[in-house]
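Each structure below appears as structure tokens.
Two complexes follow with chain A in common, the first pairing it with chain B and the second with chain C.
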Partner chain A sequence: MRTEVIAPAARTQLRSGFHFRRLVPLWLLLPSLLILLFVQFYPTAYTIYISLNRLRAGQMIWVGTANFERLFRDANFYESLQKSFTFVAATVIATVVLGLLVAVLLNQRSRFNPFYMVMLFVPWVISDVVAGTVWRWLFQQDYGLIQNLISPLTGGTSLYARPQGAMLIVILATIWRSLPFTSLLFLGALQHVSQEVLESAALDGASRFTSFFRVTLPIIRPTVMVAIILATIGGLNSVGVILTLTGNIPATETASVYLYEQGWRFGDFGLGAAISIIMFLINLILTLVYLRFQREE
Partner chain B sequence: MRRFYMFLLLLVVLLSVTVPVAAQDQPAITVWTKFNSENPQNSQDEWMRAAIDGYLEATGNQVTNVFQAFDVINSALNLAVQAGGDVPDLSYVDAQFLGFYDYNGTLTDLTDWITQQSWYDDLAPGALAACTTPDGRVICVPTATPSTLVYYWTERYPDGFPTSAEALLEDCSRLTDQGLYALTFKGTESFGLEVAYHSLIRSSGAAISDEEGRAAWANEAMVGVIEYVRQLFADGCVPEIALASGFDFENSFKDSTAGAILAGTWTYVFSNPVTAPDGTLYDLGSDSILTAAEEGQIAFAPPLAFEGGSPAANVYATAWAVPVGSPNPDAALAFINYTMQSTLNGAFGAAYGSLPSLISARDAEIFQTDYWVTVAEIMDAYGTPMPFLVEYDRGISALADVFARCLADPSLDIMTTLQEAQDNYNAAIQ
Partner chain C sequence: MVRSKRQKQFDSFIVNALLILVCLVSVFPVAYALSTSFKGETEVITRPPYFFPRTWTIAAYEQIFRSDLVRYHLWNTFVNAFGASILIVVVSVPAAYAFSRYKFRGSNILQLVILALIMIPTLTNLVALYRMASQLDLLNTNLVMIIIYVATGIPFGIWILKASIDAIPTEVEEAALIDGCGPLGVIRNIVIPLALPGLITTFLMEFVFYWNEFLIAVIMLSNNTMKTATVGLLDFQRSYEVAYHVWMAGSIIIIAPVLITFIVLRRQFFRAMLQGAVKG
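Showing the complex of A and B:
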């Protein structure tokens, strides 16, 4: 048996080479990590810092948790959270259900599909402000296209004038805006469902309805969860469409609009940052719940 | 009237050529205004464009105007200064935000500079006061003094607009029987509180703020005001659209289904065309309402007030201000100086829909019409400064929110809602 004796110098060289190879992935990741630190962690940390301060005459004044205490005593904040949850629940449910329906329809073979796809994508590519303005006109009291149709039901008054009506318009506009993306997500998932599996289900006597709910839906469930997470986060953080449609009226003041009001309009950065941290935690908790739910499934 | 505007604008350009004001090289400056000079939509926008062109002609100095929405320009300016962002050289400001700007240290002290200007002694005392802090510093340059009043269709109110809020309810009953509204106004947001509710609040004896700029609106008189407005909506005196955001509420005055509108002196600039009760259409842009008034279809009255109280015609001031951190303050002051020539200042007042801040500018022919004579009389008799709130926009918006909530939900307890909003505001300014 032959034993190789490695000199101490060579051993050190080998060891350092081993260390270097182990560190290579880290070195390769470093640029990305630095960028991530700069664009993600720094703003988050700075937001936490601002939330513990008040900005007055260009000076940061340390106030500890005073901004959070103010926020938790503020009835308007709780009301805005409640409106956010109503808004998110309505938009997520409608977007996911309608998105699935549209995706199923688009998944059928039709020579008009490219045209339908283009039509579907229009609401997605236009800006929040344009979308908001279009929807505002649709319900304008005197010449709004939809308002004219529903006027007999509303006594001639625009839906905007009523708190529930204003919220309904905001929800409808948001569903219209987010439907294309959700539909496309579902369409991609549907197109990856194996034909053999569907044919096997059909051979076993499953109707198209049963096949969809018992076979297709479980297969695309991860995509459905992703769509729910994205629609929830999008809904919670939505500002543009709401502000364009209904301005600053209390009826549609969701938490994100409240954050905009306090932070940007009134220049209360401390309170704005405190609200954004609460919103961040809500987003995080909801996402974790969805992921946990998905893992258990 | 339109011809007169054209004449004024022409005069601006001619002045620029013939009167070289401060014709010295200044760096190009950026100005924030609520006037869209790039894509003019009304006489205010056109004035701004003419002023920029005229200044360039007269001095060779460049001014770039950045258009900001009317309801965010003050907060956006404060935000830019506080956050150390891109601060303009010069900005339009609303003087009712004086306390807010002073509290935040947003604007440069112009006291020494303004007292040395040739037009200083020509400034209307009320206008100058609107830009003067309680400790005597002048932090903005007033350019015009808009106010509030009532426009009404004379056919809807043959005996004149009622002299009290209580009397209006009787007219309301008469007009609603004919399928009409007694009046319209913006019932939401800070604009609604300033233009529609301020006079009612003041005449009821209700306080809005205390001497230190804290909210003091949770009082029985304020409850009475909100109850009165609730009654206006419940009785159908006001169209429900008044509770929506935006300016759709104006339409019922424009088609004369509402007998009156709680307006600002500038309302005629935007609220057009109008159709009189007899079907006559006035489609003359900014001249529509003034022409209808000349023909006796529309008349004007002091703001709505409770019996026993005095109407409150808001004393506002539009102004120029140099923000702290302005990159070219001297160039900004040179541009202010240019626009404060009497003729240009008068042209601004006419274009804005307001009396100009210079007394000499009020001698212009346009301000001798019935409309402006009435405006001047109302302002002289009932001019009332806006409430002093440390954070004006936050305070006025919070009180406007209370009105909106209580009107949208008639079962809401008014005093509790007022108290919550008051506590919240006072906590925010500590």
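Showing the complex of A and C:
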């Protein structure tokens, strides 16, 4: 902690302005805090309020927990949660494992070819909507390039035509898009692992695999946690890729897409807000669980 | 564990081969989109499909340049993303500086709350924000987009910027404070120049994110002249059923500016990221 910013000599000089000086951090934080208050905290509270109401002809009518009760009886919502779970689990696991692999590969090199790095980062600069559009074209059922290559495997039918197939495409596109950033996160962490520790592990006779799992991985664990949290939240709230890739067919209707549909296509804001609250709680619980795991170290 | 020279050569060959494979997978969908965008309308519906156009044509781009995507949407996207990213950096730098250099009651709790905001999905607040925007008559404006983008971007901005300000030694600042420089003067004259890679990285990440943002835009913007490019592209999908070359030309037009920005600023970005700008 850097407690003392001001050197002793300056402190006597500033003593008269002591109260002002104590308020300095507040002034510096004020713009951020005001924006967050009005555009983050207030809307969250308002969402809770809306979730307890029903909108009829622009009028809010208090309905208590009716929206939530409706939601808990709604089989479609449970199904959408299940799809969210599949989607998140698959994308997070694949992104983290592949990200570690790519980072380890990059870490073998002493300098990074800028050409490689830019190529690797192409998926990151692309919008989820553009990614969805491009991948949709690759798997288009009649003229898609990849679809034509794999059609002998799928018995000539489109991958889209099967529910698992559609989900698979959405998952692949999402992994493709999130891999570069995750890899870079891990690479940054790997470069901070001290060479001495690895050398002494090697002297103790640890193979490269053992030393990765026993030495390197525990050291970079906080970064792995950050990557898992970011990928989980990204996945839970993913709408753009799914909407453009499969065009909200039931097979890929995750909870986030379901929320979008209920809230804006059907204009049921009360139910939409209720789904938002549930999703928020899921996010919160997952984050707390991850942080707990990390703290235990 | 001494590895022979041959073993090392083999390792390096495998590493390179795998990296090239990863790069190819990363670029392939975009490369195919690029080549498709130069195909004619009959070539995109030819079976079996092939990679390069037989006859190169810019017909798709002619169509795109006459469309609303280029007429309105790209400009809106630029205004919203650029305006929001600049504002995020301007507002986050003093906040990150306050967290990095001052010790005050509640600092840790406040930092934790702001960090937690990153974990709150945009989706959570959208119903409320939509209602608020419609009551304030702000739907279909660049202003509402910038306000929401700034609010959702600040937590991440503060997080990255604090890490890069933490890395600056405090001695220079102390000297400046003795010379009677106020906190804002210190930020302007010392922190900003020294933390520039961090600032550029923050700007780049926010710019890329909001250039590509879709969910808030699709909900707040229904007026065609106010839509952003990602929303416009979805409309394209719906109105040009099988004109894939036009979809792809649209995609390429949206990718190009942000890819160029990335290539220009990549050095600072990679440096800041590898120094651990985003850490646990």
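We adopt the following convention: the second predicted complex is superposed on the first by the 261 of 297 C-alpha atoms of A that agree within 3 Å, B and C clash if a C-alpha of one lies under 4 Å from a C-alpha of the other, contacts with A are read in each partner's own complex, and residues count from 1 in each chain.
We take it that contacts are C-beta pairs under 8 Å (C-beta built on N, C-alpha and C of every residue); 3 or more make two chains touch, one makes a residue touch a chain.
All values reported here derive from a predicted model rather than from experimental measurement.
Peer 1: What's your read, chain B or chain C touching more residues of chain A?
Peer 2: After superposition, C is the partner touching more of chain A.
Peer 1: So, does A:F186 touch the first partner chain B, the second partner chain C, both, or neither?
Peer 2: A:F186 sits against neither chain B nor chain C.
Peer 1: Contacts for A:W264 in the overlay, against chain B (first) and chain C (second): which applies, first, second, both or neither?
Peer 2: After superposition on chain A, A:W264 lies in contact with both partners, chain B and chain C.
Peer 1: Which holds for A:T157: it touches chain B only (first), chain C only (second), both, or neither?
Peer 2: Once the two structures are laid over each other on A, A:T157 reaches chain B alone.
Peer 1: Thinking of the overlay built on chain A, is A:R70 touched by chain B (first), by chain C (second), by both, or by neither?
Peer 2: So A:R70 only meets chain B here.
Peer 1: State whether A:F87 touches chain B only (first), chain C only (second), both chains, or neither.
Peer 2: neither
Peer 1: Applying the touch criterion given at the start, work out whether A:Q140 contacts chain B, chain C, both or neither, answering first, second, both or neither.
Peer 2: Touch partners of A:Q140: chain B and chain C.
Peer 1: Pick out the shared contact residues on chain A: the ones touching chain B in one complex and chain C in the other.
Peer 2: Residues 136, 140, 142, 247, 264, 269, which sit in both footprints.
Peer 1: Can you list the residues on chain A that touch chain C in the complex?
Peer 2: So the residues of chain A touching chain C come out as 1-3, 5-7, 9-10, 22, 24-26, 28-29, 31-33, 35-36, 38-40, 42-44, 46-47, 50, 102, 105-106, 108-109, 112, 114, 116-131, 133-138, 140, 142-145, 148, 176, 179-180, 184-185, 187-189, 191-192, 202-203, 205, 207, 221-226, 229, 233, 236-237, 239-240, 243-244, 247, 256, 259-260, 263-264, 269, 272-273, 276-277, 279-280, 283-284, 287, 294.
Peer 1: What does chain C use to touch chain A in their complex?
Peer 2: So the residues of chain C in touch with chain A come to 1, 11-12, 15, 18-20, 22-23, 25-27, 29-30, 32-33, 36, 44-51, 91-92, 94-95, 97-104, 107, 110, 114, 116-132, 147-148, 150-152, 154-155, 158, 170, 173-174, 177-178, 183, 208, 211-215, 219, 229-231, 233-234, 237, 244, 247-248, 250-251, 254-255, 258-259, 262-263, 266, 270, 273-280.
Peer 1: Can you list the chain A residues touching chain B in their complex?
Peer 2: For chain A paired with chain B, touching residues are 55-58, 70, 73-76, 136, 140-142, 155, 157-158, 160-163, 166, 246-251, 261, 264-269, 271.
Peer 1: If we count contacts the way the header does, which residues on chain B are in touch with chain A in the complex?
Peer 2: Touch residues, chain B against chain A: 72, 75, 78-79, 81-84, 103-105, 188-189, 239-246, 248, 251, 324, 391, 393-394, 397, 401, 404-405, 408-409, 420-421, 423-424, 427-428.
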